[in-house]
Structures are given as C-alpha cells and as structure tokens.
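A, B and C are the chain letters, set down in written order, and residue numbers restart from 1 in every chain.
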Amino acid sequence: MQQPKLSARGISLWFGEKQVLKDIDIGFQDRQITALIGPSGCGKSTLLRCFNRMHDRTPGVRLSGHCYLDQEDIYAKSVFVAAIRRRIGMVFQKANPFAKSIYENINYGLKINGVQENQRHELIVQSLKESFLWDEVQHELHKPAAQLSGGQQQRLCIARAVALRPEVILMDEPCSALDPLSTAKIEELIKNLKADYTIVIVTHNMQQAQRIADNTVFMYMGRIIEADTTPNIFNNATNELTSSYVHGKFG
Amino acid sequence: MKRKLLEYLEWGSLLMSTTAVCFFLVVILWDLASKGAGSLSWDFVSRFPENGMTSGGILPAIIGTVMLTVITAITAAPFGICCAIYLHEYAPDTPVTRLIRASIRNLAGVPSVIFGLFGLACFVQALHLGTSLLSAGLTLGLLSLPYIIVTSEEALHRVPVSIREGAWALGATHFEMVRDIVVPSALPGIITGIILAVSRAAGETAPILFTGAAYYINNPSFSLDQEFMALPYHLYMLSTQHQSVDLVRPLAYSTALVLIIVVLLLNLTAFYIRYKSSKDHATA
Amino acid sequence: MKLVSRKHTEKFTARFFKACGFGAGSVLIALSLMLVWNAAAFFIHVKPYDFVSKTQWDPTGSPSAYGMLSMLISTMLVAVGAMLIAIPLGIGTAAFLAEYAGRKLKNMLKPAIEMLAAIPSVAIGFLGIVVISPGLAGLTGRSNGLNALNGAILLSVMALPTIITVAQDAIDGIPISYKEASFGIGASRWQTLTQVTIPAAAPGILAAIMLGVGRAIGETMTVLMATGNAIALPHGFFDAVRTMTATIAIEMGEVPFQTTHYYALFSVAILLFIITLVINMIGEYFVGRFKKFEIR
C-alpha cells in the first residue's frame, strides 16, 4: 500500500482528566474519501480536529503522539500552525460564514494567505462553481452571506475551503443540520471533490457513509475498532462491535 | 375576599416602589427642564460668560467638556479594547489572569475622587503635566478604563466560537482572526460601551477638581497643557461657590439642563447603535 | 517571505495584547501604591490610632488636629440612610420588574432606570440644593435643609439603578421549577415571592446591596453639595455633616502640596479606598455565588 496522505501515529488526547482518544493509529489515502463513524461521544470529531490542530487553544486539552501530512509532523515545534491549516481545510457541522458578503467570505482566506490579487477573482468564481453555488449566487456576490439558506451557507463554507486549494479537506458532519435535498447536493459535491482532494468526513449517518466513502473507520470509546474499505465494514466486518453498530444494534 | 384585598395591597407595595423610582426620574427631568429652559437660548450655548458669570453663556464649558470627552475616549478606548482582547482572546485561565480580572473589576468600584487624587499625584505632579486638559483627560481615561474593558469583553463574548474556528480553518493566524473576524463583529457592542463610558466621564466632577478644571478662564486657548472649563464643574461652582448664588440660579439650572442633554444624547446614541446591531443580528 | 512576516506579526501582537492586559491590571496596584506612599508621609507625623479615633479635624489650627472619626461616622450615617431608602425601593422594584411587569412595561422601565443611572452626580447634588433642601427646611423649621438626610435621599437615588439591576438579575435567575413547586403546595404569588424566590435569590440581592453601599460611600459631588459641610460628630439625620469624600474634594483644592495636611487627605483616601474595596469584594463574592447558581 502507498504512503498515506494524512496519518495519526499514537494519538492520545485528554480533556482535563478524561481521556477521549486512546492511542489512535490511522492513515488516510490520497484522493479518497474516508468516513469516520461511531456512536456519539466516541471521539470521531475530536480526532478529526487533531489533524488541523483545532484543539490548540482549547483550555484543558492535552495531546500526545504525532500527526503527519505526507512526511511532515503537524505538531512539530517548527511548524507554523496557520500554514498547516491552509493545507488542511475544514468544514464544520454548522455552517459558519463570516458576517461579510458571499464574495468576501471566499476572498478572505485567499487574501490572508497571500494569493495575488489578480488571481483571486478567478479562484473565487471557480470555487463557487465547484461547490455548485455559482448558478444560484452569481448575480448577488456582494449580498451578505447570512442571507443565504442553510444549505447554501454550507456550500459557501465548502467553497471557502476549496478556494485555497488545500491538500486535505476535513468535514465534521457537514450535512447534519441540513434537509435531504441540500444533503444530496453536498454529497454529490463531495464525490466530485475526491478527484483533487483527500477527504475525511465524520458522519453519524450510515447511509451517507455507504453512499460516498471509499473507506470507513469505526470508532468506539476513543479507540479505532476497525478500518477497512466501506463495503467490507458494512458487509464483512471482522469485529463484532462494528457489525452490530453498522446494523443499528446500538449507538 | 379578605385574602384578595391583601394580595392587592401586597402587590401594590411593589408597584409603589417602582412608581417611586420612576417619580425620582420624572422629578429630576421635569424640574431641570421646566426651570432650565427659561434662560436656555442660542446665546447661552454660544457665548462666553460675562459680568462675573451673572450673564452671558457657557460656550467655553461646553467646548471644554467636549474636548475632555474626546481625550478620554482617545486614551482609554484603544487601551481598554486591547486589554479586553487580551483577556478574552489570548489569556489562558491562570491565577494571574484571574487576578488581572479581579483588579479591573475592583478598579470600577474605586470612588471617583480617589481617581482625582491619583491624577493629581501621577499626571499633574510626577509627570509634570500640570493642572491641564491633558491631566484631567488622562484621569478620566483611567476612570473609564474598567467600564470599557468589561463592556468590550462582553461584546467579544457574544461573537460565536464557530466563526473563530472558521477563520482558523482557513489558515488565519490568531491575530488575523481577531482583527478581521472577531473585532468587526463585536464592534457595535464595543462602541456602545465606549460611548456609555465617556458619557459617564463627561458628567464626572470629582476627578477633574484638582487635575485641571477652572472656574473662569479669560481667553481660553483650549490647548492640552492649559486649564479648562467644564460643564459639571461649572454647575458645581455656580450652585455652591458663586458669591451671589441666588442671582445665578437660573444660569445654574440651564447649565444643568445642558449637561443632562449632552449626557442623555450620548446615551441615546449608544442605545441606538445597540438597538440597530441587535436588529441586524435578528435578520441574519 | 510573506509567511515569515505573518509569523512575526503574530508573535508581536500576542506580546502587545499581553502588555495591555497586564498594564490595565496594574492600574489598581499603581493606585494603591500611590495612596500608600503619600499616606505613609502622614503617618510619620500622626499616629494611625489617633487619626481614626479622634473627632477633631482642624488641619490649619495650632496645634493642628487630624482626627477623622466624625467624617467616618458621617460617611456611614449618610450611606446607612441611603440604604434604608434604597434597599426596600430597589428590591421592591426589582421584584416588580422580574415577577409582575409584562414585556411591554419592562421595555419601558429598563431604559428609565438606565437613564436614572446616567444622570451626573453633580446634577443630582444640584437638585438636592434647589428641591430637597427647601423641602427639608420647611419640615424642620431650620434655615436650610442641607443635612445628612438630604445626602441620604440623593445617594439612594444614585444607588437605586445598581441595586435594581443586580437584584433583578438575581431574581430572574431563579429557576421556574422553584416557583412551580411553591405554587404546587398552594402558596400564593406573594408567599412564593417572599418565602421562596427572594430567599433563593438572597446572594444576588446581597451583592446588589453591597454594590449599592459601595457606590453610596464613594460618591462625592452629591454629598459635597447637599450635606451642609460641617465637620462635627453628627447626632442625627438632621445635622449637617461632611463625609470623607467631601473633605478630600474641598480641602485638596486649597492645600499646599507636600504638607502634612496634603498627606492627611491621602490618608483619608486610603481609608476610603480600603472600605470601598472590601465592600465591593464582598459584593463580587456574592455575585460569583449567584452566577454559579444560574449555571446549575
């Protein structure tokens, strides 16, 4: 098997005294979609947030182990955290557009990351097209983002991440707050993005994992129980916990 | 029947106390407005005092108060906002941070006359700024500081964590996140707090008693290193220290009215900004 | 290149904000050091015990006397008087706002209370001279009504907004389940308010009172203008008095710098500072307690 694009080696994480992640070892292949599943509280979102160091400023968090993007240690002292986050984009559970216009929401990331002004417009238009938002908003790019619908806002947040041309996109239950129609659109979008990006998506929706993910990782109580291709996890799980979870016996 | 009556009496007592509080406000405003309006005129707010304060206007006191307010805002606001940003966006939850917070909260409870003493000892004497507009402005700046910090911190607190994370996820540094995302969102709340703080400062008298306020200045230059006239101090002098207090009573009334109008206008501006931003959020 | 400068900005700004935070935090320390420094120069000449236990205050006499007990008692007298008025009115209003007033009425009363808080103290002092003083003079038959009672009335007006706001927050913070339990056993609204809600909100109400007392003791202009300015041991509310704040305000303007009298005023200030600090800290403690209650 080839080198994983993104990996965790021996990651353990504590919130205060409580250990939330226990010695996690996992790799994600380049240009594939990997779903993290498991009952709520199993640590899947917490693990996801380790990969772009979102826990850095959370009080009371202690972390040991390493995460690698290609061969580079994400938690190395010499690493500038903003530079890592530029390469590893993230989409959150609830759409979180800035209180700016649609255009500025995407422009902002490009601006702070030093993209030349003459290249930005092109990138903004392109990312809106890639996120299936262009047709809906092309005539009102300077409208406040807050006026978009929930599904549109989430696609804007994806566009915002995609515009930076990251290498990896982390998605934390991106559809959980959306209606089925918006969900379908975003799933379609995620499948398209696979051609260019490594995608890790946390989901509590088993059907969604089966629809979009190449690989699935099942987590339980802060540990990885099983990681395999999606069909194997859902049909031939080796671990009993996994098969009872994916068949809806608990969680 | 008897129980019903008792109930009415009991709730009536609460209603009475509320009415009493409102009555205080009405008496204050009505008395000042009705008796102050008489000698209030364009001349009064646009002319210098004449004949040993017994006639003429209060223009230099108005200008002095406005300048004092501006200096207070310029010195206290940036410092206060930066401190609030440190406390809310940067500071880890350590005993030292808690000590800083406690010290700021307690600073808000220090009597204003003690700020006046501090201004006298620190700005007027130790820093050799003399009794001047600058000394008084700095003193009022310190007085306003805790209010500005506390209200700014509350405004920062209302900015949701999710959009901070959104900025981080795009590769913004912590400072870029604060500057571009958090502060713009919190700005209406911060500005409201600053205006409320300086409107308090504008009405303060005790801190400027020994730091630069003067009873009467012939030819005021309104420069930073000179003494100045101010509305609240002017009212104090007219109502207690003038040689013929009864003669200048109408002028004192009008001065009080102008002072109240200035302060209430500042407050209304602040409430308007708060109202407007809360409405914007509601549609968002 | 760009990245390097961003790193530098990040580091520099973090330090800058930290400096601001520590700077603001040290204002209180600077203030207390200034007071201690100047008061120390006084206590070289005058025994601290004499300072607080004697009633004679005559800095310009020969020999000069620096006993501040009568000012201290005057301060307390006026503050206690103010609280006797403000506590029932303030808690009554807070209870009315929290339990009885509808949304519309609340939306009208809240700005009114904020407006009352915004009125400068010198304007309230002025009204003490022109409105309350003649009224009290008529009541007592003396030539004027500039006395402790006048100051107490004015200070109660100034302390009311603080008391009402904090007490209302405390009463609002009581979980509805408490009240429902009380109604469930057949208690009337009034019984619920006085026997369940207010006792449960007691820490917050105590905080409100403490913050109000702090405000009343530290207030300068109103008492300076309305209490008659007589340094003597007061015998009642109808005596003219002079509080600690008023003494500082009056005498600091006339005293030559760096004299014993000058330092004496800083010593009065340090005592005032300690009293208000302690009262505010007690208030803070209770605020902390009812905030915790709220979260639960």
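Just so we're on the same page, a contact is a pair of C-beta atoms (placed from the backbone, for glycine too) under 8 Å apart; a residue touches a chain by one contact, two chains touch by 3 or more.
Just so it is clear, the structure is predicted and the values come from calculations on it, not from any experiment.
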Item checked: Chain ID, smallest distance between chain and overall C-alpha centroids -> B
Margin query: So using the touch definition from the top, which pair is joined by more C-beta contacts, B-C or A-C?
Written below: B-C
Checklist line | Separation of subunit A from subunit B, taking each centre as the mean of its C-alpha atoms, in whole Å | finding: 48
Checklist line | Where subunit B and subunit C are represented by their mean Cα positions, the distance between them in whole Å | finding: 17
Next item on the list: Quick one: report the Å distance separating subunit A from subunit C, using the average Cα coordinate of each chain.
Entry: 54
Item checked: Shared-contact residues (touching 2 or more other chains) in subunit B -> 173-174, 176
Notebook entry, point to check: What positions in subunit C touch 2 or more of the other chains?
Noted result: 6-7, 10
Next item on the list: Would you mind listing the residues of subunit A that make contact with two or more other chains?
Entry: 82-83
Next item on the list: Please give the residue numbers of subunit C that touch subunit A in the complex, ascending.
Entry: 2-3, 6-7, 10
Check: Which subunit A residues qualify as touching subunit C in the complex?
Finding: 80, 82-83, 114
Next item on the list: Going by the contact rule at the top, pick out the subunit B residues touching subunit C in the complex.
Entry: 3, 7, 10-11, 13-18, 20-22, 24-25, 27-28, 31-32, 35, 79-80, 82-83, 85-87, 89-91, 97, 99-107, 109-118, 120-122, 125, 142, 145, 149, 173-176, 196, 199-200, 202-206, 209-210, 232-233, 235-236, 239-240, 249, 252-253, 256, 259-260, 263-264, 267, 271
Checklist line | Contact set on subunit A toward subunit B in their complex | finding: 52, 54, 57, 59, 81-83, 85-86, 89-92, 94, 96-99, 108-109, 112-113, 144, 146-147, 157, 160-161, 164
Next item on the list: Spell out the part of subunit B that touches subunit A in their complex, as residue ranges.
Entry: 92-93, 160, 162-163, 165-174, 176, 180-181, 184-185, 283-284
